[in-house]
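The same chain A turns up in both complexes below, where it pairs with chain B and then with chain C.
Entry: the complex of A and B
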């Protein structure tokens, strides 16, 4: 007991790298970004203090609000099919009689580990108006007569971006759902089966309620992740009328392409508020449902 | 009843196979298309391998050092993963086995940092790194390995559950120093947790895009994702070269995944349930 107390300061040594790292390259940059958001800075000369000017500009910036809207639209279009698909397939793969479970899980999960940039480039090539394979398939089977100019249409552009994201992430959610399903004890199912409950009844009244904590986890992580969509949409382009430009793309383009670092910093804080707002709403919404 | 059951079963397999097809067909198409000439890619639907792979590859590597990017990424991902897992294990051990003051508060603080969106400080990060003269070096990416809140959480959970205090104490009575306890006894015992975290971290570092893109200026230092992005703009009408580029970024992962898929999937499941 005595040795434990004497040695206890060693604990600080073991946890110190995290705090040094966080202060130096986590917190300091966040605070510095806030300082920059109160200045005018082009990256070459010294930052000049301008007060809240960047934030006033942000509030009147219709581009910024458009990117919030686009991000939310793409997120909703990606998350709903993604969760339904993941849940449905998880329920199927949880059945005892299905063979080749490991194979299917591996195939469904694989798109998730491929670099989003690669997927963005791959899909932009596949959906290319004149040379893409999607149009060729559709024309070969006679579904369309002329190639469809996908990226010339705001809704097709959004559907493609959302589709790529759904395609990439459903496997991840599937694995999480399967883990959650395997956490439900076998006796619960067996008791329900003995009582003569049919499969849909078991799913609706037993499995889904017991799966709620896992659903909550998926939902909150996908809100946080979905609002920060960046790599894959960047490769797929802005879409007509900027219909697929996400918030982080706007941040990146403002700061690192147009070298308006100070306004970019204000956008970063704007995005932070938007993310916090929607995370809070999700948490509240899921909490009231629980009671 | 019996035949209805078989029908459902067949239908379910059909659904699984259809989804699997949708997951794999883009990769098949990518590999097939990379072996054809641009004129064929533009004019026909390609289903079988062609003969132009070498030519497409020559044009690609003639102007983009894609293998260089590949090995840069391997270096950064391997080093970054090793450092990240080491520091996470150390902090997880520290939080689990030492009773220091403010321990509970400090641990909550670590978890709280997970709530901060990654891009919030990115402009300040760029500025701070340039003030420290660290831009265009790998240091910023390696420094980022120092703090991994999720890793610390995972490691602490594991140490609490699977490393008894008695082992640490008996080592201490035998005259073992604190760092030796960590390196010789605790790290080996943390094997399973280290494997899980290493897989996660490796994939994350491999796919890192924004940080290298803004920190590195020299093309030969760039990582694979950034090079793939530049291939898209540099070869805007050379589809063959673009397809070869993305194939180079996918095929090694495919091999890696084929070998490790069991560990990766059970790691994801374990991490998610604990998270």
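Entry: the complex of A and C
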């Protein structure tokens, strides 16, 4: 008994580097941010303690609530096609008869290695009102007479932002799904085929249920990623009436453009609560599925 | 048992030490001078040596020669040239230029200033955010060091922008950035009937004339060519011809903005503008291809001209805008706690001199900050894009008329909020009062300390 306790003591030393690093680089800024959120500080003079004033301001800040809504709308619009596309392509690319599947996997994964900022710039050029290639194509084939001002319409703006994110991440999810599909034992397929199950039946009753853990992984990572949407939308702007401004963009604009670090810190804690809330929902949803 | 136990402990220690040394290593990386030429100095660990006590370089010739080392932080590549020229003149001085391009610079600078470690002696501030820094404790009062003498012959607006709210000189620029309408002579001749800068200036001397001229260009070209790039250009022009956005702690919307908004709507309705965003890809193409006749440009933006194989030489002209304006500008201040203030001041003195500004005008075409340099070169200076035109003349007329306002921390940010609200309003043909209402809401949100009625 004693020796066992002694052994675990060394374990603590081994994990110590991470925790020391976390205390210095992770926890200290988190706590400092909380301290800042209780002050008024523009970065030039010394912080002045103001109590909960920043939080009171946050609760009444309609712009902040708008960014929560925008983030969720863009996230939903990005995640549904993203997962459907990734799943569909994974099922196809997992078939034995498909030639060149490695090539296609690489091609679909490619957008994921491009930085979101680059994609943002690329899409903003493509959808530019006057000079964008999309408008040029649409006018050439006669679908529209005048160029469409995509970024002047809240829904088109959101669709484009969601499109960028969908295009960037579906390849990543595709690889995850393929890994999941390959993890399903061949015996199960063979047994089903012997029993005369058709392809759609196999997909519905065998593949999808067995893929559930992988789907959950994808879902949870995209909840976390979706709530942190920042760089790609930033390149495409706030949108008309701030319709594509996400929570992190608002934090960035407040803290680093207006130099209102204290309110920016309060927003950061606000975002933390929102993320906690949605993580809790996701956890609950996961539980009910398991039962 | 005991013998075995030292192994995991020492392994863990190594891991911890590696982690800590990695953190420390980063810091060292930041401190270390990137220039290998510094190796001559024995005191490499301390980047800032006092100008008087420099042990090395006893062979440098000039009698009252300056010596020591300066560190400059900037976002702007041409500072390297400035440093090289200064070092050429003062061989005992070593100037190290650290460049941080883009938006990171502002944040990096502020973070460093707050931490008080690893700081430059001189740092650059861009017009867009100088207002936030100018009243801070980080900038040395140049007036107390004799700075007023350096700027006494300056263009009023240029020296005004470097002053804090209490009128002290805190930063100095080596250039002015007047704006004008740039045009391809060929296009102007085709659609305006002349390529003479004065005649073109007269055609657009006020907004009504500009709209009328714009209509003609649009009709004559069958809708393919527009007179100006964007109705939004008026934001830049009017920004320096209206009252400040904040007066006595309250938001102040100059009534001129209402008239400007009406003009902008008129411009858009009559297809006078090509609806291209400032500095966007399409904007640059139009400037070079001539699908837009007049482009409002700051004098420093010559890099936007496509001059491959000298094809743009002599092809452009510059005419004055209905009202004078400027865009951007880089200012330089001395860090208040720098141990090298005297030497840093010598550097500032150099860039404020007519020697440097004349050289810079010739080399880069950047307009001077000194009015005297304008006057001295008025009839002789030629720029390759503009052929025989004496471009200093229209720019001098513009800059000398601009009011000498000092920067404040709100101006540029509030202007960008106005640009956002009014810009959307122009596109959507929104009523002015609605635009103002949404603008006020944005201002109230960004700056709750301001009084907004």
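The definition used in the following text is that the second predicted complex is superposed on the first by the 274 of 291 C-alpha atoms of A that agree within 3 Å, B and C clash if a C-alpha of one lies under 4 Å from a C-alpha of the other, contacts with A are read in each partner's own complex, and residues count from 1 in each chain.
The rule we apply is simple: a contact is a pair of C-beta atoms (placed from the backbone, for glycine too) under 8 Å apart; a residue touches a chain by one contact, two chains touch by 3 or more.
The shown structure was predicted, so the numbers you read here are calculated from the model rather than taken from an experiment.
Asker: Since both structures carry chain A, what do chain B and chain C do when superposed there: clash or fit?
Answerer: Chain B and chain C clash in the superposed model.
Asker: Let me test your reading of the model: by the given contact rule, A:30 touches which partner, first (chain B), second (chain C), both or neither?
Answerer: In the superposition, A:30 contacts chain B only.
Asker: More residues of chain A are touched by which partner: chain B or chain C?
Answerer: B
Asker: Identify the partner contact of A:285: answer first if only chain B is touched, second if only chain C is, both if each is, neither if none is.
Answerer: Neither: A:285 stays clear of chain B and chain C.
Asker: Of the partners chain B and chain C, which touch A:116 in the superposed model: first, second, both, neither?
Answerer: A:116: touches chain B, not chain C.
Asker: Applying the document's definition of touch, where does A:20 land relative to chain B and chain C: first, second, both, or neither?
Answerer: A:20 contacts both chain B and chain C.
Asker: Could you look at A:85 and tell me whether it touches chain B, chain C, both or neither (first, second, both, neither)?
Answerer: first
Asker: With both complexes overlaid on chain A, does A:61 touch chain B (first), chain C (second), both or neither?
Answerer: In the superposition, A:61 contacts chain C only.
Asker: Can A:105 be said to touch chain B (first), chain C (second), both, or neither?
Answerer: In the superposition, A:105 contacts chain B only.
Asker: Identify the partner contact of A:167: answer first if only chain B is touched, second if only chain C is, both if each is, neither if none is.
Answerer: Touch status of A:167: first partner only.
Asker: State whether A:238 touches chain B only (first), chain C only (second), both chains, or neither.
Answerer: second
Asker: In the combined picture, which part of chain C sits where chain B already is, 45-53, 63-71 or 99-107?
Answerer: In the superposition, chain B collides with chain C along 99-107.
Asker: Could you give the residue numbers on chain A that contact chain B in one complex and chain C in the other?
Answerer: 10, 13-14, 17, 20-21, 24, 125, 128, 130-131, 256
Asker: List the residues on chain A that touch chain C in their complex, please.
Answerer: 10, 13-14, 16-17, 20-21, 24, 42-45, 57, 61, 63, 125, 128-131, 149, 152, 238, 240-241, 254, 256-260
Asker: Provide the residue numbers of chain A that touch chain B in the complex, in ascending order.
Answerer: 3-5, 7-15, 17-22, 24-36, 85, 89, 92-93, 95, 97-98, 102, 104-111, 113-118, 121-126, 128, 130-131, 133, 136-137, 140, 167, 171-172, 175-176, 178-180, 183, 214, 217, 224, 227-228, 230-231, 234-235, 248, 251-252, 255-256, 261, 264-265, 268-269, 271-272, 275, 279
Asker: Inside the complex, what are the residues of chain C that reach chain A?
Answerer: Against chain A, chain C makes touches at 5, 8-9, 11-13, 15-16, 18-20, 23, 107, 110, 114, 132-133, 135-138, 274-276, 280-282, 285, 409, 413, 420, 424, 427-428, 438, 445-448.
Asker: In their shared complex, at which residues does chain B touch chain A?
Answerer: So the residues of chain B touching chain A come out as 9, 12-13, 15-16, 19-20, 22-24, 26, 29-30, 33, 41-42, 44-46, 87, 90-91, 93-95, 97-100, 103, 106, 110, 113, 115-129, 140, 143-149, 152, 169, 172, 178, 182, 203, 206-207, 209-210, 213-214, 224-226, 228-229, 231-232, 239, 242-243, 245-246, 249-250, 253-254, 257, 261-262, 264-265, 268-270, 272-273, 275.
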